[in-house]
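Structures are listed in the sections that come next.
What follows is a pair of complexes built around chain A, which joins chain B in one and chain C in the other.
And then the complex of A and B:
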């Protein structure tokens, strides 16, 4: 009996140890990035490296934010990411729902088509698109870039949302229709709230994808650069503190977004983890 | 008034026909049980009445309205699903209130009706909880409360008890019976459990292969099965069947079966042809077993004795056939013992062997 308990204890400890290692692996670089971003600019060149930001200073961040084009690039990035999020969910949610719920002619072909768009590298999509955008006079605009990001995010989003909706039992919507809902109300009042955690995950993915996407952004914009595109193009000519601050500023919104959406990721209805 | 009338309802899934032109009238406030083995079309029929699936042909009337082409919400029905289909993202209270909210009923009245439905089903203490925080049996009560809260004229139930464990099912069955007497709805209840059907229904429609074989009161269905299938599907143990042969000799008609000779009632004699092959159907409790020879009884040898507490279930070999017999618990029979079986003449059911349909 005692040895069994011990073994269970050890196994538990091992699991926790593993979890801690994984967490450190992810968090340590982020932490160091944060430390560098909130130290004085010179602190980056000191050795040994410091593990707390002392003295604490927003100097580095301020320097980065004041640099030419940065504030505009941040605005652009936010606009592109939000637009991408909006378009992706607007198209992806009904598309995923349709695949999950309705048997229509060509459903499997449709599904395959969606996945196959991922088979084209961004390069192949971006360059002809840049040409088309120039022709249509849409080039170098955050809106056209948002369209590009939407195209990039949609396959994954549709597959995610369709599996999310497939996991919502059909009975529940049928029950709603017997209780006075039409199809759309049943979707709105039952399927959608139940799918929200999964949709939140898809939204998170979409936002982060757009925020971090650099290749299409570099090709499709010139003056209206998004943050990653700007940072990438000026990277080799910028000082080290700029890079750290830039890294942190690019990372922070994803973290914040994740923090807000976390509730929906972990909130399995009725079993809210406290 | 909520009489349900089905007229030649047909539904096919690909090439399989789920219901073959079923016609059935369910009276106002009647408790109708659709009974049959899985795949017999009973759930298809129920979903057709609910409007969850479009039927391929035929008409469905509820009250005086032709609802064939109406969506579920316009049919004035409520339904309890086999899986309960309780909304996991709403509290028990909001679940029960769901249908009322859809009808835009004032909050005060919603509260009142949720309360009274909850009281009927003894879930008043659970109203603030989420479905994941209550047990399976309680979730079932929530589903029923939600359905009765809307006070629909028609209440449809799709195997509502099949996911409960045996003891809970027994308890819930009695409670449903009490409850549904109070709600004044026309009830259509689907089940594959013949005991449930017998205990709950005002009438039972026995279905097989997409068709209704018999629709009558539980006692009628039990005592006078219309076909061999109905006799063997309903009752535990199933009805016994012995093969026999008709002998018409002038004005006297006799049937020999299981080594005995029987005189069928004059009412059915005209339907019997000479040397026709026929089945004698008799229930286990309508056979009297005795250890000594009795006039007019069939002799057989005991194969198995199963004591069931209230009685002993005997399996007796009669000729080449087997008969289940309910014997008194205090009469002891031994395997291999020769016994005599006296069949209650008025409980014998004659069935045409070829068609499987009762001779009437």
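And then the complex of A and C:
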């Protein structure tokens, strides 16, 4: 009996150890890039490299942020991400709500359409759209890129919002309608506030998706580069501190955002069957 | 219109904007992509863009590297993702923190992940610093040399395994959560080892999740390009990277569209293979 307990204890300890090792596998590379980004520029050229940022310095990050085009690219990235977020919410939330609340003919067909567009190769969309955007005089603009990113993010928004609304009890909305609200008011005053945390997670995910997207960004823009598009195009001519600081600036938002949306990730990717 | 009538129309009105948007932004580019790839300047049909694509010296290496990476990366990712998912489901303390850490890479872009691994593998990078500090090397080893394809591919595989395993983990955790506890308890009652439980109970029940994850990961793997540019420079080339080059550097959208069409065909073919190879008796929707 005692040995069984011991074995269980050892197994538990091993599980924790493994969990920590896997966590280090994820965190260590980010930490090392962070060390590089927060060292002085000349420390980046020293070898062997140091494993703590001492002296701690924002010199390298500042150098990156002051480099040509970077501040404009960051602004563009934020504008594109915010526009994408606005468009997806405007178009996607009603669809998500419809899937969650109504039984209608064609519902499963629509779900299938959404699920299959979720994995649609962006490469196929970007190149013909770039050609068309040039014809329509929409090329190289943050708006057209935001439309492209909306296409990319829309399936996720619809799937998340539908599962978020499905988790808001229907009775509450019905109670509101018996108390004199029409259906739209019931949605606005009851379902929407309750769904807000889930919707916020969907918005953060959309922001990250757009902030990170590089293929469409580099194809669809020339002067109005977003941050990943700019960094990619100057990658082979830029000095090491620029690369390291640029990499860190690009990944920093995800460190914060993933914390807030970790619980909702299963709604974004998880649902295999309804 | 009557109230009842409205009730019937409402869902369709709510779906209308996204349906229109999807038709414009998915169907139109697909048709346009085929047109770009198959149309000649005089308006007739042609295969000359495909000829240009195939005869380009970089084409065969690009196809080989793309397929090779898919074949190596996907099994590595699935083993790692299954380990992560089982750890998340092991009811550890702080499991929410582990979930956060394991899902961080999901929010990291291809390009940033490529830079992270470039920082590790470059000649004066962290890996060489560690090896020298440990006394295993005297002078830095050049991992990312153009002549050293094995190391180039290994570095990209590690970077992709690091970056893109999170998605698979999330899908598998969701799948694990839907496995009734009774099944695992029953396995315990019959004295199954943890290994047996994974192999005989969990994996068979995870088949639908595995199928979805495989389809998504393979389609996404055909589009990878920024990781490879960041880690290897021009040391390796891939189909999506070629599409980018043809469009941006050679200014030839037709050949770029031909490459995009090829990526599309590969994506559809791999989806069919997974749907057929992992089919389940009951209807399992995607």
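Note that the second predicted complex is superposed on the first by the 217 of 274 C-alpha atoms of A that agree within 3 Å, B and C clash if a C-alpha of one lies under 4 Å from a C-alpha of the other, contacts with A are read in each partner's own complex, and residues count from 1 in each chain.
Methods note: a residue touches a chain if its C-beta (ideal position, glycine included) is under 8 Å from a C-beta of that chain, and two chains touch if they have at least 3 such contacts.
Just so it is clear, the structure is predicted and the values come from calculations on it, not from any experiment.
When both complexes are overlaid on chain A, the residue A:171 reaches chain B alone and has no touch with chain C. By the touch criterion stated above, A:258 is placed in contact with chain C alone, chain B being left untouched. The partner that reaches more residues of chain A, of the two candidates chain B and chain C, is C. Residue contacts after overlaying the shared chain place A:219 against chain C, while chain B stays out of touching range. Touch criterion met: A:190 reaches chain B, while chain C stays clear of it.
When the shared chain is aligned, chain B comes close enough to touch A:181, but chain C does not. Shared contact residues of chain A, touching chain B in one structure and chain C in the other: 183, 269-271. Contacts from chain C toward chain A in the complex involve residues 8, 10-15, 17-19, 21-22, 25-26, 28-30, 32-33, 35-36, 80, 83-84, 87, 90, 92, 96, 98-113, 115-120, 122, 124-126, 128-129, 132-133, 140, 162, 167, 170-171, 173-175, 177-178, 194, 208-209, 212, 215-216, 219-220, 222-223, 225-226, 229-230, 233-234, 240, 243-244, 247-248, 253, 256-257, 259-261, 263-264, 267, 284-286.
On the chain B side of its complex with chain A, the touching residues are 50-52, 71-73, 77-79, 81, 83, 85, 87-89, 98-99, 102-103, 129-133, 146, 150, 156. Per the touch definition, chain A reaches chain B in the complex via residues 169, 171-172, 174-183, 185, 190, 193-194, 269-271. Across the interface of their complex, chain C is touched by residues 11, 15-16, 18-19, 22-23, 25-27, 29-30, 32-33, 36, 45, 47-49, 51, 90-92, 94-95, 97-98, 101-102, 104, 106-108, 110-132, 147-148, 150-151, 154, 158, 183, 208, 211-215, 218-219, 228, 231-232, 235-236, 240, 243-244, 246-248, 250-251, 253-255, 257-259, 262-263, 265-266, 268-274 of chain A.
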